[in-house]
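I have a structure here, written as structure tokens, and I will follow up with some questions on it.
As written, the chains take the letters A, B, C and D, and residue 1 is the first residue of each chain.
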Amino acid sequence: MEKGHYRKMDKAVQTVETVAIRFAGDSGDGMQLTGTQFSDTTALAGNDLATFPDFPAEIRAPAGSLAGVSGFQINFSSVAVHTPGDQPDVLVAMNPAALRVNLPDLRHGGILIANSEQFTKKNLKRAGYEANPLEDGTLKNYRVFSADITGMTLKSIEELRLNTRAAVRCKNFFALGLVYWLYNRDMAHTEGWINNKFKEPLLAQANLRALRAGYNFGETTEMFEQHYEVQRAQIEPGVYRSITGNEALGLGFLAAAELSGLGLFLGSYPITPASDILHFLARHKGLGVRTFQAEDEIAAACAAIGAAYAGGLALTTTSGPGLALKAEAIGLAHILEVPLVIVDVQRGGPSTGLPTKTEQADLMQALFGRNGEAPVPVVAPQSAGDCFYTAIEACRIAIRYMTPVLLLSDGYIANSSEPWPIPDMSKIPPIDVQFRTDPEGYMPYQRDKRGARPWAIPGVPGLEHRIGGLEKEDLTGDISYDPQNHERMVKLRSEKVMNVAADLPPTEVFGDESGTLVVGWGSTFGAIRAGVQQMRARGHKIAHVHLRHLHPFKRDLSDVIGRYERVLVPELNNGQLVKLLRSAFLVDAVSLPKIEGQPYKEREIVEALATHLEAN
Amino acid sequence: MEKGHYRKMDKAVQTVETVAIRFAGDSGDGMQLTGTQFSDTTALAGNDLATFPDFPAEIRAPAGSLAGVSGFQINFSSVAVHTPGDQPDVLVAMNPAALRVNLPDLRHGGILIANSEQFTKKNLKRAGYEANPLEDGTLKNYRVFSADITGMTLKSIEELRLNTRAAVRCKNFFALGLVYWLYNRDMAHTEGWINNKFKEPLLAQANLRALRAGYNFGETTEMFEQHYEVQRAQIEPGVYRSITGNEALGLGFLAAAELSGLGLFLGSYPITPASDILHFLARHKGLGVRTFQAEDEIAAACAAIGAAYAGGLALTTTSGPGLALKAEAIGLAHILEVPLVIVDVQRGGPSTGLPTKTEQADLMQALFGRNGEAPVPVVAPQSAGDCFYTAIEACRIAIRYMTPVLLLSDGYIANSSEPWPIPDMSKIPPIDVQFRTDPEGYMPYQRDKRGARPWAIPGVPGLEHRIGGLEKEDLTGDISYDPQNHERMVKLRSEKVMNVAADLPPTEVFGDESGTLVVGWGSTFGAIRAGVQQMRARGHKIAHVHLRHLHPFKRDLSDVIGRYERVLVPELNNGQLVKLLRSAFLVDAVSLPKIEGQPYKEREIVEALATHLEAN
Amino acid sequence: MAHSVYPAVTHTDPSGQTKKDFASDVDPRWCPGCGDYSILAQVQKVLPGLGIPKENYVFVSGIGCSSRFPYYMDTYGIHSIHGRGPAFATGIKSQRPDLSVWLITGDGDGLSIGGNHFIHLMRRNVDVNVLLFNNRIYGLTKGQYSPTSQLGTKAKSTPMGSIDYPLDPIHVALGAGATFVARTLDTHLKHLPEILKRGAEHKGTSFIEIYQNCPIFNDGEFVQLTDKTRREDTTLELEHGKPMRFGKQREKGIVLDGSLNPQVVDVAEVGEDRLMVFDETNEMCSLVVSRLTGPDVPTPIGVMRAVERPTYEHLLNEQLTTAGHAAGKGVQDLLNQGKWVVT
Amino acid sequence: MAHSVYPAVTHTDPSGQTKKDFASDVDPRWCPGCGDYSILAQVQKVLPGLGIPKENYVFVSGIGCSSRFPYYMDTYGIHSIHGRGPAFATGIKSQRPDLSVWLITGDGDGLSIGGNHFIHLMRRNVDVNVLLFNNRIYGLTKGQYSPTSQLGTKAKSTPMGSIDYPLDPIHVALGAGATFVARTLDTHLKHLPEILKRGAEHKGTSFIEIYQNCPIFNDGEFVQLTDKTRREDTTLELEHGKPMRFGKQREKGIVLDGSLNPQVVDVAEVGEDRLMVFDETNEMCSLVVSRLTGPDVPTPIGVMRAVERPTYEHLLNEQLTTAGHAAGKGVQDLLNQGKWVVT
């Protein structure tokens, strides 16, 4: 198919360092797709970048309503990028609702591209506008480019005689083409993608034409006097791909299966925003993956425990309410001492809460949400790409220590994407699995030096044994009600979990060696790191430690924290990690909570830090 | 029926202050019954007392096995009694297994009464004895009274011609009679009870005769040279009864229903040791109680929430694993803001753990075992009788603050009993309930000054409204995804729960105003109080604060704790309250854990305190 | 024990109620063309005529597209948690038998995570009206297969096709001993309200399965049954006490063969007398009809079973009354049991 | 993707296995006279003869008296959590189709808290042998009524009698689409092992309900069926392809009346030809027989339904194989998808 038929550029090109663009429209407008295409092209162009898709609630809202607005933000730069950007420089608003929801975030002086065709009386009313903001001066602080995107799209594909509904649907590609022009991008990637994606040649044609029409409109219209360019970033040479957190988790578990030689078993029950891990792994049965969509979260966890007992690499994935349901099963896995990885992709709570929004409010549940003394290791990835390594580490710990391990991701890293250096599987150390086969002297609860018991799976003659949820006699695993034995077993299990810290490298500290320490965990990494950098640039003595291990803490953490005068803890919850730090280290750590269902912005981190650092 | 036909006493009577007796035998031997009878009689005699039934595992163990041993301990005294006693002074061992399990606890020099008939080769072997301990000198440190209790029982009822099985079953009453004699007790209460209980006159006769035969045996046998007497205690005059924790909870909820004018609804699923609350309330439908045995714990909690929405005083009762299952429902109740009381009668964990044993290891689960930010008030009774008042208080808080409230009891107070001054219902302040009826300006999530929303129940015209687990808009309760609204709502709900502390009286401190502070919660009250008293007697500066409110803490607790140099926290877990205190008050509180499935003994508390106080 | 705190209310007069009274001011948020709209409209149409004051209705639901239903009804309602709706409904109705309780659930909500509560509701025969919107897919979570999805369904979690044999909600309900079981279609505007009415009038759990189209994730699943041009040939409208006939001219009928399997026959050929007569109170008849599935036989719609059995809340109330007569005066009496006096 | 870490084992020779090999060294802890003892003995007797090496057996259970069963078997086993046994069994069998998986459950474990997992196991047809010990009571928690307790049962939680209509496990299993459904009696030492064997041989979920006496909390519940002097008159032993006869002289038989209701007749009077012939593969037949209850009809025991349908783990394995052929070489290939190079 024809390629590259768009006009030669002759307008001025201005180079800028960092740009954030937000595409926003109705749920049906294809904004997620548009954003992803722009991201991929931008990655190929060699910028550093980060993205943030912000879905509306799970259920489809009425067309044109505020609740139905779907957004996708990308931040790209010629220097390193930590977050999807605070305030977009460019907002593409496909309808009045999208404008209303997103305008407050647009930087003053930023570019607004609006699809004027959608600014009808009816739509304005739905969005709660009394007058047309494109006309009433409301937008005087922005550079407004209002154009009939729908009309121009239809025009550009007129000759193809598509039905109107299908034709109108091409308008997101028009918008994409326009933005491509604005940032001087090559469209080859998207063109290839369109050709691949639309099996129906007519549809492929239509979308290609709309794309190019958008590009050409930028070049020809008098609205735009110039366009922009973001230079390649100084990116470490290597092989890259774009990845979201949920994909990275899926790939990480596949990698762990390969590295251990075990067959992967996933027991799961669909729930936003964790379902995509199930969808991803279900597509890879060819790698020996068994995915089981259970009747509920309890069955999902229990089936995984069964698979673990039977010798599988067992996994169960869910989000907050589902983790609550798995509590009893995790307690059983703890006392059975079988390897199991539980993934909680946290979302806004409590209860059903804000199912499509992000939050870090399941930390305490992960640590303590079970009856009796049932500690388990808890780890958290700090970015989309990091999910891959965290998944492998969780499996490694689970197998090495014969224990359930909880992995806390969240809705933000689950869906946001970043360019990611592709790991070389041959360089990742294998996961050592030793199944017990020798019946001689076999005792189900005899421990190795780490405190782990042997993994003896059904089918091996002479190792027949029964395990269960009642307290077990040390070594033999027989049921025991002996008081001293119970205390010993509770402590042995707890110590085993604490031993995980023995394998861990020292805490990495970014920044100064004294002054203020900012401690974070999970998905806030990028915002905190950027914020701390800014504060250092302002001359503050400040450092950042980001915890991947929430239980047990690394052994040197106490010393590290002890070096600082002040400890600040930004979290997307009402103050959870801060409680753990205060309790463990008796440090007067101060919570910087954000509970809005949204990730921390760099600016917010800076402001929060500044209140504490610049007030005194 | 004939009464009081037992021989006149003429042996010497020695007065003692405090005695602990343990009755131990096979599960089938009726030791719980024997113990209860002795307790009731002792209470009627005016002693202070405390009891501790120690059941074997839920399932019946083979006759004569160690696992099948059932014990009941009573501690009675002419002075105040705090616990069931550390080391029994008297052990009644109905078979070798009972001896083996319980002998280690018997005080040196204590009295052992053994049923020699059961010390057969077979039974000795089952209990793991190679030789007969009654004969091989093993027991030289005790005063052993070995007698053929079975034989003498059979003899005493020979003429009644019962079948042997039924006849043998009377032997516990023989043993009881003997102990009655030993402590110079009046048997009228037990005689009355037998006449009442056994509808079959022949059986009543048999048990009465066995009882008296035991008594007479004590009087006539040369084994015993004297018997003992424990004087009336200085007990506050008043009307008393004997009560267990589970009964007191049941009565407390009935009282709360009466005090509030609400209909009580209990949704529950059987689980040891909570089931008796369900059994108790199911017997009182005449007071308007609706008990619902649900298909599982989740349904039990959800049905209760439904009943609360409909205007009932809603309750759900369970133990640890069941609480884990209710987590999601409690999160919903939190965000709905409906009144609900959840009782967790804690047992040994993790997982199925030690189902008939006691533990305090669900504290963290109670506070944090839910997804998202979902705090609820948590209260814990400190004794069997205190369960009554705690139940009422939990209901009062639930209704006043429109919130779920968690009440943490445990297996020990659930089953142990104490003489209890019967409350006068007319002196307990009513629970004020205000159902909303006025449609004018009604908004489901408009709060009063405490932060509570109105309770508007179906059936009232004009108040129709929908509530659910999605985040709600402030005031209206409509679904809202607005970021700021979410943060506001999380904080409003959390603050409302913190407001509970506003109604609470100041912390009661027992003991010194500085020095060491011992902080406990729940069922360890008696042992800690006694231990602290002993340490004060030894000259230590020490005080005791016992927390009934685990969340929120009382507002003055910070100040109270601040007055002491050292804080020690004995708990029946691996250190949970201590974590909360460290985190909340940055105090280097030290944990004194006991994780044996058994209550703390006074001696153990003293020893644990001494290690800290006398080492430095 | 007078429970005196309950508000004494004057009920509104149900005779004046209209459809509009039952529409809340929240705009429904379903996708364009979703079958849920039609069901909502029919429910709002039927309710006013049932003679129950509006304030006495409670709509309970779990989680799912279908479970958003209560928000659109201007009645009392709880949008609860996934799968547990039956338990909430049981609590409400047990505590307040005076209310008219409706449960809205989906095939995932009701038969996946909620399957156990579902069967226990049926067996207890709590007087709740259950509407299960069966679209054979998970709508809200964007297109995974459900327990009612046909074998081989390619959905997000089953890219190679589902391998779990589906449950038939009607079979499950009959297996649980339900006293009222029916099936209807989202867009059958004559049938749906009739069945809703029958269900509402039944004392005890009324289970109504509604085949519902999800145009986004499972479009056309029931089109052969709902399409007006084919409907009369593909469905069999059950009528109590009548021979089982269907077809545009009601020319086809059902007979049982020697192996008790239902067969389609030409009525003219075999004569109406030989047709199976449908009896909604006969369990065997209900069972046989419930198994009518497959390409060669019509899909039965209508009331498949309706029998009387005392409801849970009725029996509970009876126990309270009986016990009430035997009981003492109040809690103080209970407290005093086993008392002794220390002077 | 060779999963090379799995131990390569030489299986023991099953032909030499004896009952003793299957008894663990733990003493059973049931009450004297409990029906569980008899079931345990029969299982230990049947297993050695099934031609499966001992190390390939896994016994899974939930919580309850019955659920202690695995401890007494010298095989692999999990005593899991209350009601979730079917899920553990599904995980084990899905991961390791080579194992022989047995699930032991009670009427509370299997049908109260575990009811949903129970029906989903059946519908998926995972090849697990399910033995449900139905004593119509909660034994382990000391005597509350269960979902199978008869209406009016006075138990600890129902001092005035239970008001929830019981579930019949067989009805539930049939409603869930189970492929093998049977009923037998704890102390019927001829029948029980036969049924166990049939169940073990069936590919797919084999559901066997065993009426079990709990002498402590529900003594004599099934005595009219188990008492040897009455057994032949009160039970009906189902035989595939045979007319349904029972009685000491097999003098009584079952016919279907016009309303499809089974009736007891005198065979001599009506003739054997008119008797209903039992066909375990015919769903209608299974349904009709499953509804035989009440004082006037015998209680059917034996295999009530047995049909073939691909098992869950078989279909899963097939998908793995099919996908395996299409898949790339390994994870590195997947990682590389969509890659670009920065130089």
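Keep this in mind: contacts are C-beta pairs under 8 Å (C-beta built on N, C-alpha and C of every residue); 3 or more make two chains touch, one makes a residue touch a chain.
A quick note: this is a predicted structure, and the numbers were derived from the prediction, not measured.
Asker: A-C versus B-C: which has more C-beta pairs touching?
Answerer: Pair with the higher count of C-beta contacts: B-C.
Asker: Could you work out which chain's C-alpha centre is the most distant one from the centre of chain D?
Answerer: Of all chains, A has its centre farthest from that of chain D.
Asker: Between chain A and chain D, what is the separation of their C-alpha centroids in Å?
Answerer: The mean C-alpha positions of chain A and chain D differ by 44 Å.
Asker: Quick check: how many Å separate the C-alpha centres of chain A and chain B?
Answerer: The separation of the two C-alpha centroids amounts to 47 Å.
Asker: Just give me the whole-number Å value for how far the CA centre of chain A lies from that of chain C.
Answerer: Roughly 40 Å, centre to centre.
Asker: Give me the residue numbers in chain C that touch at least two other chains, ranges are fine.
Answerer: 63, 81, 112-113, 115-116, 120, 147, 160, 164, 316, 319, 322-323
Asker: Multi-chain contacts only, two chains or more: what residues does chain A have there?
Answerer: 67, 285, 295-296, 321, 328, 332, 336, 351-352, 468-470, 479
Asker: In the complex of these two chains, what residues of chain A are touching chain C?
Answerer: Touch list, chain A to chain C: 58-63, 65, 67, 268-272, 275, 278-279, 282-283, 285, 291, 293, 295-297, 321, 351-352.
Asker: Once bound in the complex, which stretches of chain B touch chain C?
Answerer: On the chain B side, the touching residues are 40, 43-44, 46, 235-242, 251, 254-255, 257-258, 260-263, 265, 267, 284-290, 292, 294-296, 298-312, 314, 328-329, 332, 336, 422-426, 433, 435, 437, 457-470, 478-479.
Asker: Using the touch definition from the top, list the residues of chain C that touch chain B in their complex.
Answerer: Against chain B, the touching part of chain C is residues 1-7, 9-12, 24, 26, 53-60, 63, 70-71, 73-81, 84, 86-92, 94-96, 98-99, 116-117, 120, 316, 319-320, 322-328, 330-332, 334-343.
Asker: Applying the document's contact rule, which stretches of chain C touch chain D when the two form their complex?
Answerer: Within the complex, chain C contacts chain D at residues 112-116, 119-120, 123-125, 147, 160-161, 163-168, 171-177, 256, 259-261, 279, 282-285, 287-288, 291, 309, 312, 315-316, 319, 322-323.
Asker: So in the complex, which bits of chain C are touching chain A?
Answerer: It comes out as residues 27-32, 63, 65, 68, 81-83, 112-113, 115, 138-142, 144-145, 147, 156-160, 164, 216.
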